[in-house]
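Below you'll find the structure I mean.
Chain naming follows the written order as A, B and C, and within any one chain the residues start at number 1.
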Amino acid sequence: MASALAVDVAVLGGGPAGLAAAAAAAAHGCAVALFDEGPAPGGRLVGQLHRARDGRWRVGRDEAERLRDRAAGAGATLVTGVSAWALAPGWEVYLRGDGDAPRRCRARALVVATGAGELAAPLPGWTLPGAITPGAAQVLVNVHGLLPGRRALIAGADPLGLEAAQLLEVVGAAVLGIHPVAGPDGAAEPPADALRRLVATVGRAAPSPLLRAGGRLVRRRAVARAAVPLLPRTVAGVPLRLREAVVALRGDGRVEEAELAAVGADGRLGARRRTVAADLVCVGGGLRPLVELLAGCGCELVELPGLGGTVPLHGPDQQTTAPGAFVAGGVTGVEGAAVCAAQGTVAGLAAALAAGAPQAARRELAAARAEVARQRATAPVRFHPGLERARARQRTLWEARCAS
Amino acid sequence: MAAADVIVIGGGIGGCALAYHLCGRGRSAIVLERRGVGDAGSGRNAGGVRQQARHPAELPLAMAAIERWPGLERELGAPTEYVQRGNLVLAQSEASVRRLEQRLAWQAPFDLDSELIDGAQLRRLLPFAGPRARAALHCASDGHANPLLTTAAFAAAARRRGARIETGAEVRALEQTAAGWRAVTDRGRYDGEVVVNVAGAGAAALGALVDRSLPIVGARTQTLVTERAAPLFDQFVQDWDAKLFARQTVSGNVIFGDLTEDYLLAGRQVRPADAVRAARAALDALPALAELQVIRAWGGTLDVSLDRMPLIGPLDGLPGHFVSAGSSGHGFALAPVVGELLADWIVAGRRSPLLAPFDPARFSSTGTVDNNAEQAA
Amino acid sequence: MSGPERIARHPVLGEVGGAGAPVAFSFDGRALSGRAGEPVGVALLAAGIRALRRSRGGEPRGIHCAIGQCMECRVEIDGLGVRRACLTPLRDGMVVRTHRDPGAADG
């Protein structure tokens, strides 16, 4: 491959958003190159595996393959094993990879679809080999076919943790429980709040009928507090233990046990401790958009906790404040793969138009935008409660920016 | 609405050191910082703590500052990673050697341990110097420190002495009041008898709020950081032909970047082309770095003044209004002593002779430090 | 407790993991085998090796995020340092060594 490429549209990130963007732009005649760090495109989607409320498994690998084929079939060039380390407006993408990987890519328009990364939930012992993120469990088990341990504990009672519990359980690991993580100040989330948060995020899709049914009721704090003792003992066969927090991990050179403490109604930890033997602990602190490349090239960013952190300010066509740079997927806020892909289509069309594609692309924009809204409305999981509010706030900020 | 004796605008090392010393002299201080402590120049500069190769007007100030540095960690009760193992300015070309000789001549009246060494002596001190370096200026009592840690140390020490530091507080208006000054920010209004503009690259905009035009612009810096390596060198190294600075931190990372101030635009963007140029410059001067991987980079700002010398002092026609900005890339080392001397000036009304060359008024007459020095001679 | 194990057949996904041919590689001089194309870190895990390096404090560190974001799995591969074991595909004859930060205790 040439060391310097020149294309119409460069797409950074080969997850669902990037693949959809590449397909949309290429379908309208643009020369498209997509760059991804991993050995194969698909991003976090490839490892995803969860059971929907109808009991059927959603296999990320299959969906990723469909998206990949569509992008390649439309004529996009997919380059893997290469990292983008800087962007210069104009646009110039600076790349680094092994062997004859390209070093530069000039593009008339850019779609940045770098996704979201996992946040740490530090606790003593979290650096021991065997302590991994829930996302790592997805990748190791479902992509690489490796079960890193046989006795697993989930530290972090959130959508990712629940999915990790499911995927480990299905391949025969003993998943001992889903627990919250104690914070550095020696307290954990009050169980009633943890319940409300769980319901607000996974309630719609919860494999537990009780969580689904109780959803609306539990949103009221008083009801949540009363409901805590009635919590389902298990979620998809895995004990849900919101009243017991993980306070430390221990082992000789690797994770061997986890120390747990009872959590009072106010979140304070009890003095009593319990230790369980575990050789695999998924420690999760949520996801945050990976905006570093955008920050480095002058795109305006805005902080919105409901979207997972700092996101690029963007408009309805996924355009940023940097001319010719569009964004899609997890980098705009943490949402599920279907929403990411829908955003990717919008961004790809808009980028294609910015790069000079025929106006036929414009006719598809409205439908593509509507698809984003539709996917969002029917999304089974919200990664952050308050997502809709945050999206609305983002829109307001964008409109204010345009007006100024 | 809050009030203090002194409102310090700018939460870099200048503002924090000033607040620390003001509080030490029994005055109350509020520091207003528009982003975070050390976010601009103070947290992103090269970290050099040197005396040699400075303009003679700065040399006495720098020599006074060097006396403070060894005891600073103890004084502030926080790490600075200060290392006093020398400064080396490498020269490849004849022209650069002559410039080094000129610096040596400038330094002659002062009792500084700075000497011109040849290639062989250089390679004994810095085995990794590239083949083209033919001479260097060496000062054994110079060194380097961690700018972000040092700034944070001053901030914490200032707070312990009672200073209030407000972050996310950008000053939108500055008004004169009966008692002195009022700074208006999105976070509230702050009243003080005295106001000090220590706003670095933002100093000119702040000056405009009171209708003063300060000849200070923002310039971009570009810094790269390598993975940790075994100890390779402990001096602060500059190369005038390669236009490079480099130092190795106590963790082992090599921090390096461009010396040029040609980028007269503010902004924290990493410009990839600049990063590539800096990397090439580093390999030119210190070829051994080729084995190391660059793991991160940052863009930063310098506040560069018209004559590349700081502006320190009161502003004409504005009682109780001081400025201390425009250190043009060589202010970090001076910060501990400037903070102290400026605090003295504000509290006791006495200006130290060390600060005399930096009177902001110089720009309203013929201009630069050099011109005024010629006139005085 | 047993070590990491390869999943012969996933109840939902069927075939998972690297389908490449078995290849030989070494880790700190130790002769090992893995599947061509799978991440070096996965091959190491399958061989029971969890600790890929030592931190400055001498602590063992291994794969954490498995997707190239955290840099915890950095190893030296064929003489090049700071390579991510979770992303770098295994090739026949690869020489992998622990990435050692300076000052780390010998482990």
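We adopt the following convention: a contact is a pair of C-beta atoms (placed from the backbone, for glycine too) under 8 Å apart; a residue touches a chain by one contact, two chains touch by 3 or more.
If you're wondering where the values come from, they're calculated on a predicted model, not measured in any experiment.
Taken as a contact graph, with one node per protein chain and an edge wherever two chains touch, the assembly is complete, since every chain touches every other chain.
A comparison of the A-C and A-B interfaces places the larger number of contacting C-beta pairs at A-C.
Taking the mean of each chain's C-alpha atoms, the chain whose centre lies closest to the overall C-alpha mean is A. Chain centres here are Cα means. That of subunit B falls 44 Å from that of subunit C.
With centres defined as mean CA coordinates, subunit C is found 24 Å away from subunit A. Centre to centre, using the average C-alpha position, subunit A and subunit B are separated by 41 Å. Contacts from subunit C toward subunit A in the complex involve residues 1-2, 4-7, 10-13, 15-18, 37-39, 42, 45-46, 50-52, 55, 59-69, 72, 86-87, 89.
Interface of subunit A with subunit B (complex): residues 85-88, 92, 94, 296-298.
The part of subunit A that touches subunit C in the complex is made up of residues 37-39, 44, 49, 57, 59, 61, 81, 117-118, 127-133, 135-136, 139-151, 170-171, 253-254, 256, 277, 279, 290. Chain contact summary for the complex, subunit C toward subunit B: residues 56, 81-82, 101-103. Chain contact summary for the complex, subunit B toward subunit A: residues 267, 269-273, 275, 297, 299.
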